[in-house]
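Once you scroll down, you'll see the structures, which are given as structure tokens.
In what follows, subunit A forms one complex with subunit B and a second complex with subunit C.
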Partner chain A sequence: FLHYSLSIALPPLSYLVAQVRPLHGSGCGQQQEAVGMEMRPETFSIFRTQENDPDCQSEQHQGQYYTVPPSHFHTVFPHGLPPRYQQQVKTFNEGCVMVRQPALELISHLKRADYSKPTLRYLLYGVKGSGKTMSLCHTVHYCSTQGWLVLHIPDAHLWVKNCKELLPSSYHASRFDQPIQASNWLRNFRTTNENFLSKIKLRQRYVWTKRESTEEGQPLGELVDMGVSRVKSSSDVVGAVLKELRLQAGGTEGGFRLAVAVDGVNGLWGRTTLKKEDKSPVAPEELTLVHNLRKMINNDWCGGAVIATLSQTGSLYAPSSAYLPQELLGEEGFDSMDPFIPVPVSLYSEKEFESCYLYYLDRHWLQHPHSQTEEGKKELIFLSNRNPSVLERLCAFL
Partner chain B sequence: MAASLTGLLKPWTPRVLLVRWSRYNPYYLEPEPRKEVYHIPETELTPEQKEERELKSVRPIKAATNSVTSSVFNDPVLSKFVNMMMKDGDKIIAKGIITQTLENMKRKQVEKYHKAPEGKKAEIECNPYAIFHQALENCKPVIGLASIQKGGKFYQVPIPLTDNRRRFLAMKWMITECRDNKHRRTLMYEKLSQELLAAFSKEGNVVKRKHELHKMAESNRAYAHYRWW
Partner chain C sequence: MAASGGRTVGSFLWKCGNCCFNFNTVSSNLTRQVLSRQLCVSAVLHRKNLAAAGPEKFSEEFIKKQVEEFNIGKRHLANMMGEDPETFTQGDINRSIAYLFPSGLFDKKAKPLMKHPDEVFPKQRAVQWGADGRPFHFLFYTGKQSYYSLMHVSTGSLVGSRWLLKEELEELLVETISEHDYARFIQLMERLLSLPYCSVEEDFVQRYRRQLEIQSSKQQVQPLQYDQHGVAYSTGDGRRKTATGTVLLRDSGSGSISINGTNYVHYFPVLQDREQLMFPLHFMGVLGRFDMQCSVSGGGHSSQAGALRLAISRAMLSFLSEGQVETMRQAGLLTPDPRIKERKKPGQEGARRKFTWKKR
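Showing the complex of A and B:
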């Protein structure tokens, strides 16, 4: 009897998607797509959803693609997206992200968290290519649309390897600065958070050299501009920016919420490939950028959230089969991150795979005549094991 | 014949077997990679097929080479191209270059497709395999030249070419063109995709070389009767 009543209670999917849902005060259901690169006719499709606001997405949209409005693209994601995805956006002339369960879980946690308590740390983990970075970017898009200040570090591994210039820090004798990486990051930070730069005022005076200093009460934008132009002290500027944001995030007057999104957080603990002049290895804590970022990840401040991703791809001295937090973070990293909320990211489910396949067909990406048949689809499932990145690479040449 | 046959069918097989040699004993049968053959139910087999199956259950079968697949995406022309591009037996690198080339071509065409107005969309060919095959067709010479000696001198005589020879020449010209005439910093797949797209629209150096061969053959028409086959 119960089964019978359940089966008639579920309306068909088309009805759910087309319905206007006035659940929130912001009127999510009435939002139209921005007239961006293409005007698409409003036909129903099983793999696309018209709900482009991450705030209003829920489990019913799972497996469907939503379009990131082109105006948001360059401001929200100057540096966070995986390189193959950036190529895909350029080819398809639109940026579509799949709504998946890990991202929805994260967003629901962010909606219900108490921001007067110390920050919660969320850690996305999963096998290689399962979609951790994309889930992180989805969450960053949500935070951006909600008006949070987003501190997105695209890959922490870039700061612990392949550094051409290592300057000894002026502020602390035993630390090392990385001017190029720091100034690049500051430039992208400036693009992401334009509107916050004039609103946040500094609470402390910073002295850079005998003649240069930034006074109290100046807007944050000036500090960032200084860091971009004076490349030598850019690492210290990064440290100052992080400190200011940490102090002011939970503030009651003019308070904003701070989202720290770090990709490849396991690079902050462990080993680096950088060497000092006497060929001895540099430990990560001897780098200014890493030192300051570690302070940011501690949960001794309130008014925001730390969302991190593990990554084996760029990691140093980690076996390629390792994907669990314990293996990749190591003892030191795990103790610093503990307690955290783990969010596992799995491979595509059958519904998600269908959705991805239909999306590629729609965008004319699957061109081989056999790939459009059932046989070809079964072969794709077999070859990729429903791994998102492997499927993407397979479909690239088919 | 009996000696070689019974020699290989010993109950004890030696440690080093003639697996990769092409000089198999003729007793060995070819492997069958296609899936459809095995899906025919017992009832629908013709008498010849039944006989063949019975034969296969008693005869030994050659080992299948690495290039043989039952995949639906298997393309014999493309495999031949990969083998021709391979250096020092490194098929992984050659196959990687070809997949990158196909991806690159598809990306360029799909980008053009999405940016084109509605009327022009149907003309843009997005399938990299179709482009590859058409480009190769456009590069195949119709007539070739052979060096024939007559009265102490060598003459370039126009001769008909077999299909295999034409395909080989087209692929060879494509690969040598991409290896020689590119900038030091251009990668192979980039240059190859440019050449294939140009050949698809009948431009580029490879079709030029084909046209030059045709012109030479045309100019040497007088010597055509030196050919005796």
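Showing the complex of A and C:
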């Protein structure tokens, strides 16, 4: 129990003993006492919670890690997680997410929102590495456990850069298709929402070519399969899927809630690095995928929510110090997103940092003997300034 | 080997029961021993320069043990001769040995002897350096540290001081002095110093000398300033290679640092630069205590980090005690790094790099 002999200087840890632990931080004292009163003898660490259902998590779990059940993992997150986090999951053999205040706020909004009104748009913003994507994934997990249909676009920037194939769209003359990205996304969409695919029926007939068409009343699954197999028309399939979902989301008969989770939403309104054949740049609205997605983000439909994250990391032509919505979205984007509910994501608080540190110790990720001392912890705090991603990269080689 | 002779005499007397008069071995050992060790006066002439002799051959414990054995042997010898052990002198020892071990040899040096180990074993120096290889004495690398330290002491009073100026002398004597008089006075004092035994009158001479201020080794520690809330703060600036930085260090903070208005994690994305910033604080153990506002310009990211490190160390001096200042100085935190970019020379591609050598 090496890591238990830290500055905490306690005999075996349990929630009961946790209340004795001197914590710094304003609201922590009351929270710890609340926890101590819960009497859970089977818990074995301060930084973990057994409450794995995002629905039941509340402020008292703030700063603690909950485990995403492995069964959910591949269905809910085929493509949404940050790459370093995916590596960490593979290394630690478990997916643990920290319960943090922005995610809790979002979830509480989602619980209380009125879904007969036009959709509310939530925007997560913060400095680089503060945990916006992870909060988004936490919310997505909540939505999927609640039985919502989740449209998770892992990174909108992937659609505006590094595209090898740009086909002129068959549907609309001046637009461009991106078959590879669209078919990838459809495949992941299919994995995420298996159970909805058979339930939702199409309300319109779609004609793809002279010989192929999808009739009204067919299940959505067929449309998606068609998009995956016929790569050429996959972008149009994406557009069709989005339209169908938009129409049917708030519907009274067999209604489902639709969550549109977009990471890096500022990519939809910036510039692209793609070029047409005559070397002139492509504007984002000339891409089919982007065009359809923008229609989704508009709040002219009801029965769901739009949760978006700003991201500077993958963005094009944005300075690295920019993190506010105004700077990253630009004028056009801000006007389209307006009105939205901004949710700031801050760096780790002292309690959250402590939690993360204990988690790494528990997983034996911090191998260096000095990092397990109090002084080593102070050094880590200094060097990372409690920035989650910086801390993660720092601990990776310790 | 040289030790064995003395040892056998002492140990022989130590183990009284062992009446093995091994004269031949003793004498042969003694011969070898006596050849290499003699009385102090003549030893000086024949002995090699021990300063260059290398690491010590006899350790301190060995010498101590020899001294013990000698003393005990002396008492045994006294008992044997029926004399009082307390008043047994070296002369008595010599006579007893000559009586007990009559030697037909003519060479004085070949005869058996029993002397105090300090006279037998050559005086040698202890190891001059510590475990890390750093020598103890500051004049070690001159080769003759004791000599130069002696010279240093005897002229110490003159170094770092100057004669009184004419005005100061006038003030002291409360009389007007002409330049000629002043010149005569200086001449007289110099003459006094040139005589032997001038150190006897050192006090008299010192009255007419003034100390020169040695500025180089002292760190100028500025006093702490307090702002309107009573929070202590201090500033420091540092330079490295073309980058200059200034730091405003505030007490009772939370360890937040802003550089040119931005957060230090964003300003220095490289870990090495942040470690440079951390070093002075971590070294003194005050990591979470200070808030810092830094501004830096010029140079590249590494030199900016180095400049800020120096500035932080200098700003911290006001908060630390004398001993801590000394440790910081020894750690090299207060030394400005003098390295700059070396000039490119003509005929070479860079400062050191030569053009590609072509055989033909």
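Assume the second predicted complex is superposed on the first by the 356 of 398 C-alpha atoms of A that agree within 3 Å, B and C clash if a C-alpha of one lies under 4 Å from a C-alpha of the other, contacts with A are read in each partner's own complex, and residues count from 1 in each chain.
Following the convention adopted for this analysis, contacts are C-beta pairs under 8 Å (C-beta built on N, C-alpha and C of every residue); 3 or more make two chains touch, one makes a residue touch a chain.
Computed from a predicted model, the values in this text were never measured in an experiment.
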Touched partner set for A:Val127, first subunit B, second subunit C, both or neither | second
Return first, second, both or neither, reflecting whether A:Phe92 touches subunit B, subunit C, both chains, or no partner chain.
-> first
Counting residues of subunit A in contact, which comes out ahead: subunit B or subunit C?
-> B
Contacts of A:Ala396 with subunit B and subunit C, given as first, second, both or neither | first
Which of subunit B and subunit C A:Ser280 touches, first, second, both or neither = neither
Scan A:Asn195 for contacts with subunit B and subunit C and give back first, second, both or neither.
-> neither
After lining up the shared chain so the two structures overlap, which partner does A:His368 touch, if you call subunit B first and subunit C second: first, second, both or neither?
-> first
Is A:Glu379 in contact with subunit B, with subunit C, with both, or with neither (first, second, both, neither)?
-> both
Can you list the residues of subunit A that touch subunit B in one structure and subunit C in the other?
-> 375, 379
Subunit C residues within the subunit A interface of the complex | 255-257, 262-266, 271, 274-275, 278, 281-282, 285, 287-288
The answer for subunit A against subunit C in the complex is residues 127-128, 320-321, 375, 378-379, 381-385, 387, 390, 394
Interface with subunit B, subunit A side, in the complex: residues 38, 87, 90-93, 363-365, 367-371, 373, 375-376, 379, 396-398
Subunit A-touching residues of subunit B, taken from the complex the two chains share | 71-73, 99-100, 102-103, 106-107, 110-111, 113-115, 126-130
